[in-house]
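Following this line, the structures themselves.
Okay, so chain A shows up in both of these, paired with chain B first and chain C after.
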Partner chain A sequence: MSEAAEPEASLLVVVLDTNTAAWERCPLQFDRALQQVVIFLNAYLALKPENKLAVIATNKSECRYLYPTEFTDETTIPEMQVYEQFRDVDTKVLTGVQKMIESGSMSSDTPAGIEQGQSQVSRALSKALCYINRGTKASVNKIWPRILVVSVADDAPREYIALMNTIFAAQKLGVLIDVCKVVGSDSVFLQQAAEITGGNYLKVDTQENRGSLLQSLMFTCLADHFTRSMLYSPHNDLIDFRATCFCHKRVVDIGYVCSVCLSIFCKMAPVCSTCKTKFSFKLVRAPSAANGTSAGKKKPPVN
Partner chain B sequence: MGSEGAFKSTIAEYLEDLPAQFCQQLFTKPAACLAIFRLLSTLGKHIIMSMLYLDAPIELTDVLQWAKPGKTKSFKSKIHRLRKLRILVENSGKVSLDPMFRQELRNALTGGGDFGSFGIPATTRDLRITEAWLEKYANEKWEAILHFMVGQNAEMPQPSDSVLHILKMSRLMERREGDMRITNSGFQFLLQDVSSQVWTVLLQYLRLAEDQNMDVVEVLNFLFQLVGLQLGIAYRTDRFSQSQRKMLSELKDFGLMYQQGDVFYPTQLVTSLTSAMNAEHTSNNGQVSTTEMSADGYVILETNCRVYAYTSSPLQIAILNLFVHLVSRFPNFVTGVITRDSIRRALSNGITADQIVTYMTVYAHPHMRNQMPVLPITVTDQIRLWENERNRLKPTASYFYKDFHQRQDFERVYKYAEDLGAILWCNIEKRQIVVTPAAHVVIMQYVRGHRKPEQRG
Partner chain C sequence: MAKEVEDEDYIDIDDTGPEGLKGADGGYAWEEEYKRSWDVIQEDESGSLQSAVQGIQEQLKRKRRLRDTTAIQRGIIRHVILVIDGSENMGTRDMRPTRIAATLQILESFVNEYFDQNPISQLAIISTKDGLAEKLTDLSGNPLDHVNALRDKSNKDLAGEPSLQNALELAMHTLRRAPTHGSREIVCIFGSLTTCDPGDIKQTQAALKHAEVRVSMVQLAAEVQVFKRICQETNGLFAVADDEIHLKDMLFECIPPPPVVSAKATSDMIQMGFPIRASNAQVPTPCVCHHELSFSGYICPRCRSKVCSLPTDCDVCGLPLVSAPHLARSYHHLFPEENYREIDVEVHSGAEHSGAGLVCFGCEGEVKGAAARYQCPRCRKEFCLECDVFIHETLHNCPGCV
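And now, the complex of A and B:
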C-alpha cells in the first residue's frame, strides 16, 4: 500500500455565533441552524472516536464554553436510541445556547464599540487558541487542531487589531481556521483569517436551499488535514486584504504606518495613539520637503 | 509476507463477501451503520459524509473531480471499496448512497430510528464497577487466554470450553498428544496488538456462527451494537433475544464484558474496537504509526542487540522469549540478547521479521521513542537479513521434462515455454526443463499437437 500513514486524531474547536439580533436577519431560523450544526458535530465525532471537540459560543457581550463543561445533568436518564457520546455533546450545546440567550436578553451591558449585530469573535478565537494550546500539549499522540467559525454577525471594526493578532497566532501554531458565514455580507476579517491560516472560507446562501448549511459544512469543513491534502478546496481569489486603520476603523487603501509599532492610521497624527511615540516631523520633512506629506512611511500595498 | 495470510481477512473483507441481502438487513440498524462507517478509511468516510445529505444521485465523474490530480487513483480505489461494501450504489454513471444506509446513518447522527439501538442502559448499577475496574477485569481475562496460549497456565485456571473451541477452530492452537499446543499462526497472533487480536477472535466467532446455522446478520448486528456501547455504563439484557443472550455469555468468557445478573458492562476490549486501529489497515505492513504506540512501552533495544525489558508480566516475558534469548531476570526487569539462533527459532515458528520489529516498536520504552527510527537500524536490518537467509530455498510445485530424443524437440518446447514465461529452471546441455504447473497443461497440448505431423511424416 502506497498510502500515507493513517491520519491522527483531530481537535476541533467550533466558535458558534449566537448573536440573536444577527440571526433574526437570517432566513434560516436559529434553532434549525443549531440543529444542523449539532448534526455536524455528531458527524465529526463519528469520524474517529479519538476526535476531540470543544464548542465556544459568543455573542455581543460575552463568550463561554458550551462543551466541554463541568456541568452534568444527572437527572436525565440517557436516551436509548442515541449514541452516548453524541447525546452528551448535543444536550450540553443546546442547553448552553439556551442559557446564553436567556442571560443575554436580560443583561444589556455591551462593551463599548460593539454594536447590536456584532459579536466578540476575537475573544472566542483567543479562547479557542488557548484551549488548543492546552489540548495539544496535554495529548501524548499527535493531534491536528483546527477551528471552525460559524459566523452571522457583521465585522466589528473595533475588533480588528485583536482579531488580526489571533489570526497570526493561529498561523504560527499551525491551526487552520474554517469560516462559515451564514448571513449578511462577506466578513472581510474572517476571509483573511481563513486565507492566512490555510482554512476554507464559505459563504452559505441559506435563502435558496434550507438544508444547504449542513451540506456545506459536511462537504467543506469536515475533512481533516489528511483528507484536505487529497481534495480540492473551494478557493477564493477575491479576498480583500486591505487593512483597517486604528484610529477610525476604516478600511484604507493607503495609510500611514507608525515606524515604531506599525499601527495603521488613515490620517496623519503627531503622536501614535498605540505606542505614544511622538513623530519627529522635522526629521522627516527635511529630506522630502518638496512633497511634505508623510509622517511615517507609506504602507506598501499588501497582496 | 505470505505467512500472514491467516490474518489478512479483516472484518471489512468479511463484510465485502457478504451476500447483498445480508448487507441490506445489516444496514437497517443505526448502530451497525455507525460501526461500519467507523471501520472505513478516512477518505471513504469523507466521501460518505459529503454525500450523506445529498438527496439526488451525482455523476461519478463529478465525484472524481473532488480529488487533486495525482490522488485520483486512491480516490477511485476507495469508491470501488465502498461499492463492494454496497454502501455506494451506481446507476448509469451516477452514484448515491444506499438508501437504507443513508437513512440509518442519518438516524445514528440525529438520534432517530429504533428504540434501544445503542443498548438500553440500566437504571440501577453497582457503584463498585468503575471504568478502571472494568479495564483491569478485561485485561486479566484477555491475558489469561494469551497466557494459556503461551503455555504458562500453571497457576491460571483453564479458559472455558467456548474459548478453547474458538482457539482450536481458528487454528491458533491445536490438540497435539492430548495437550493444547500453540500453532504458528498462534505465535503471530500473540505479536499483534490487542484490538486486532479481538477482531481475529470475533471473525472466527462469526464463522463459527455460520457453521452452527445461526443468523449471521443477527450476530453481526449484535457485535456492532456492542461496539457502539459506552465504557462504564450498565446495560440491560432483559430485552435480548435467546440467541443474543447466548452470544453474550460466550463473549463474556473473553473479557469483552462483565455480566451481573441481568445487567452487563462492556469493557474497553469491545468499546475501543473501532478506534485507534483501523481494521482495514490491520497488519498490512511493518509500519507503525505513532497513534498505535501503546502507552505502556517497556522494551529497550540497544545497537549491540541487547534487550532490556521493564516488565514483571509473565505474558510479556513469554512473548519476548519467543524471539529473544533471555539472560537474566529481576523482580521488575529482564535482560536478554537477540541472537541469530533466537531469531531463527522465532522464524521457524512462523513469526516474520516484520512482526518482531513491529512488536518491539509498539512496545518501545518511552525513552526509545525520542529517536527516529525508534529501533536501531543495525538490529532491524540484521533481523531482516536473518529472515532472508532462511528464504534461500523456496519450494514450488513444478513439472520436470527430461529425456528429449531430438535436439529440435527440446528447442521447440524450450522456446515455447520461454515465451510463456513458465521456465523455472533449465539445463540446455542435458535437455532438461522445469516448468510451472499452470503452464504444464498448455505445453503438453503443444507437444502433442506437434508430435502428430512428425509421426505422419
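And now, the complex of A and C:
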C-alpha cells in the first residue's frame, strides 16, 4: 500500500451491532452508547469536508444501511443551529436503529445457526466492502477506505469462513478494519480482522468508566491512514494464529492437514472426518531444506 | 466524436442476434483485434470520459464470463514451475520497454497473486537461454525468494536461443520430488518461435503426459504448432499475447487452482507447523532465512529456529510453516460462490420495476432502469454488475447468503 498523503479524504463504513440481547448485558446503556457513536460520526465528518460515511446496522436477524439512505424524514424541521449533514446523519442513524429494534422484536426469520447473542457480522462486512469497492472506484480522487466495527455480540462459529473471506478481501482493497468490542469476551475472529488488515482492536472497559466508549473511539479510531503513521497504536502482542484441530478443538503447534479439504487434525487418521477422503498411508514431510535454492543450479543434459 | 469511439469499441457481448455481434467495420466481434484499453479512453467534446467508462463496463462483463464456479475437487496444493525465455528474442521492443522487462514485471505480480490464492503451494523458476536451462529458484513456498530472483539484473542479459526441451526436462526433474497429492504444472513464457533442443521433443512431451504434468504457455509472438501441441496433450492452456495487458490476463488464468483430473493423485495428511510469534525480545536475534537481526519473527515449533515471514518452509528442518488464516485463504476455492444469473430487464420493467431503478443488495447503489442486474440463485437478492464482479473475484461471499 502506498503512503497516504495529508490532504486526501477517507471513506469510513461503520458497522453497528444493535443486538439487543447482547446490549442488555452491557453496563453502558444502548441509547447512551448510540449517542456517543453519533458524536464520533459528527467528529469524523467535521475533520474533512470530503470525508465520506456509511453506517450499516446488524443484529441477529437483519442487516441494513442506516446512512446514506434515500428515505428522508419530512417531519423534522431544519434546525438553524445544526450543520445540515450532522442532522441528516443523526436522525437517520437514530431512527434507523429504532426501527430495527421495533421490527427485530417481532421478526422470527433468523437464519439457522445464529443464537440469541450473535449478529450477522460477516454479512454486514460483506456489504461494507461492496460499498467501499464501489465508492473507491467511483471516486475521482484517491480516497482511503476503512471500517469500524462496534461489536457487542459473540463470535458465531458458522461465520468463520465467511468472515475470513471478508478479511482477505479487505486486505486486498487496502481497507483497515478497526474493532471496538464493547461487551462480553474478546472476539477472536475480529481480533484477526484487525490484525490482518492493520487496524486496531480495542476492548472497551465500560464497567470502569461510562464515557470510555467515546473516548476510545475518538483516540483510536478517528485518525486517518496518514495520521496513524504518527500515532502509537494499542498493541495486541498476544494474538496468535495457531490453529485449533477440528477433532478436539485443541490448539496445535504441529498439525496434520488434509490435502483435499485443508481440515486440521492433531493426530494422524486413516480417513478425513470432514470430507471422508481416505488417505494413502504415508506421512508426507516437506522435502528437506538442504537442497534449497542455492544448490539448485544443475544443468540438464545438453547436446 | 464520442459517438464514433463508442460505436467502434462498444461490443455488446450479451447481444445474441447476429447483427449485434457485428462490429462497426461490418466484421464480427471476434475478428477484431484485441484493443488496448487506453486507446479507448478519450474525452468527448464536453470533456467527460463517458466512452471510457463504458469500456470499463465492458471489461467487467468480460471478466464475469470467464468465471468457473463449479464445485469440483481442486488441487489446492500445487507445484508450479515458471519457465522464462531468456533468449535474444525477448529483447524485442513490441512491449514496453522490452519483452523481457515487461514479462519480469508481470511475473512479479503473478508470484504475489499466486501465493495469495495458493498459500500452501510451491513455485520454482527456470530460465532458458543459449540452448541451456537454468534454475533461478528451487521449489519453495516463500514468495520473497521468487520476487528477489526475478529482480536479479542478470535476467535481462539475453543470449542465443532458448531450449524448450531442456527447460521442460529440468522442470520435470524438479517436480519429481513433489508429493503425489499436489498438482504438477509448468507455465512457460516464450518470445522465441524456435527452440534449440538436444533431442526429440516428442519424447519429452510423452514423458510429461505420462507424469501428468500440465504444461501451459503464453507465446509473445505467434502460434507455434509444436508448442501448442504440448499444451493440448497435457491439458494445459496455450495463448498468444498481443500486449502487456493481454499477457497478464493470460498468465493470471493459471492462478486459480486447476481441477483434479489425475487418477494418480492421492490424498495425504500433510504435516505442518503453526508457529507462534517471537515474543518481543530485548535483543535482536538473527533469522534463519536471511541471517539478519530482527526483534520480530516466528518460531518453528519443531526446531525452534526463527523465520521472518509466513508462509514458508523452515530453513533448518524443512517443516512447512503456515498460520491458520493461510489455510482459511484457500477455503473459497473449495466452496465457490455460485454464479449470479443475469436478469432480463425487459421482463422486469413490465411489472413492479416500471422505470424505477433497483437498489443493489450489496452496495445500496441504484441500478438504473436499463442497466443489467444480477441475481443470486440461492438467496434471490439482486446486485449490480460492479458488485457481482467484486463478489466473485475478490470477496467470495454472497452478502445475501452468509
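As a working rule, the second predicted complex is superposed on the first by the 236 of 303 C-alpha atoms of A that agree within 3 Å, B and C clash if a C-alpha of one lies under 4 Å from a C-alpha of the other, contacts with A are read in each partner's own complex, and residues count from 1 in each chain.
Rule of thumb we're sticking to: a residue touches a chain if its C-beta (ideal position, glycine included) is under 8 Å from a C-beta of that chain, and two chains touch if they have at least 3 such contacts.
Since we're looking at a predicted model, the values are computed, not measured.
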Next on the checklist: I'd like to know which partner A:Lys142 touches here: chain B for first, chain C for second, both or neither.
Outcome noted: first
Next on the checklist: With both complexes superposed on chain A, which partner does A:Ile254 reach: first (chain B), second (chain C), both or neither?
Outcome noted: second
Checklist entry - Taking the superposition as given, does A:Leu214 touch the first partner, chain B, the second, chain C, both, or neither? => result first
Checklist entry - Which of the two partners, first being chain B and second being chain C, lies in contact with A:Asp224: first, second, both, or neither? => result first
Checklist entry - Given the touch rule stated above, what does A:Ser126 touch, chain B (first), chain C (second), both, or neither? => result second
Next on the checklist: Touch test for A:Ala9: chain B only (first), chain C only (second), both, or neither?
Outcome noted: first
Item to check | Partner contacting more residues of chain A (chain B vs chain C) | outcome: C
Checklist entry - Looking at the overlay, what does A:Asp90 touch: chain B (first), chain C (second), both, or neither? => result first
Checklist entry - Along chain A, where are the residues that touch chain B in the complex? => result 1-3, 5-9, 39, 42-43, 46-50, 77-87, 90, 140-142, 211, 214-215, 218-219, 222-224, 226-227, 229-232
Checklist outcome for this item: In their shared complex, chain A is touched by residues of chain B numbered 30-31, 34, 37-38, 41-43, 45-46, 49-50, 52-54, 65-68, 71, 74-75, 107-121, 123, 228-230, 233, 272, 274-276, 278, 281, 284-285, 287, 289-291, 293, 295
Checklist entry - Across the complex, what residues on chain A touch chain C? => result 54, 65, 68-70, 120, 122-123, 126-127, 129-131, 133-135, 137, 159-162, 164-169, 172-173, 192, 196, 237, 239-244, 252-262, 264-265, 268-269, 272, 277-280, 282-293, 295-303
Next on the checklist: List the residues on chain C that touch chain A in their complex, please.
Outcome noted: 73, 76-77, 116, 120, 124, 131-135, 137-140, 145, 149, 163, 166, 169-170, 173-174, 177, 179-182, 198-199, 266-277, 279-280, 301-302, 313-320, 323-325, 327-332, 334-335, 359-365, 384, 386-387, 390-391, 394-400, 402
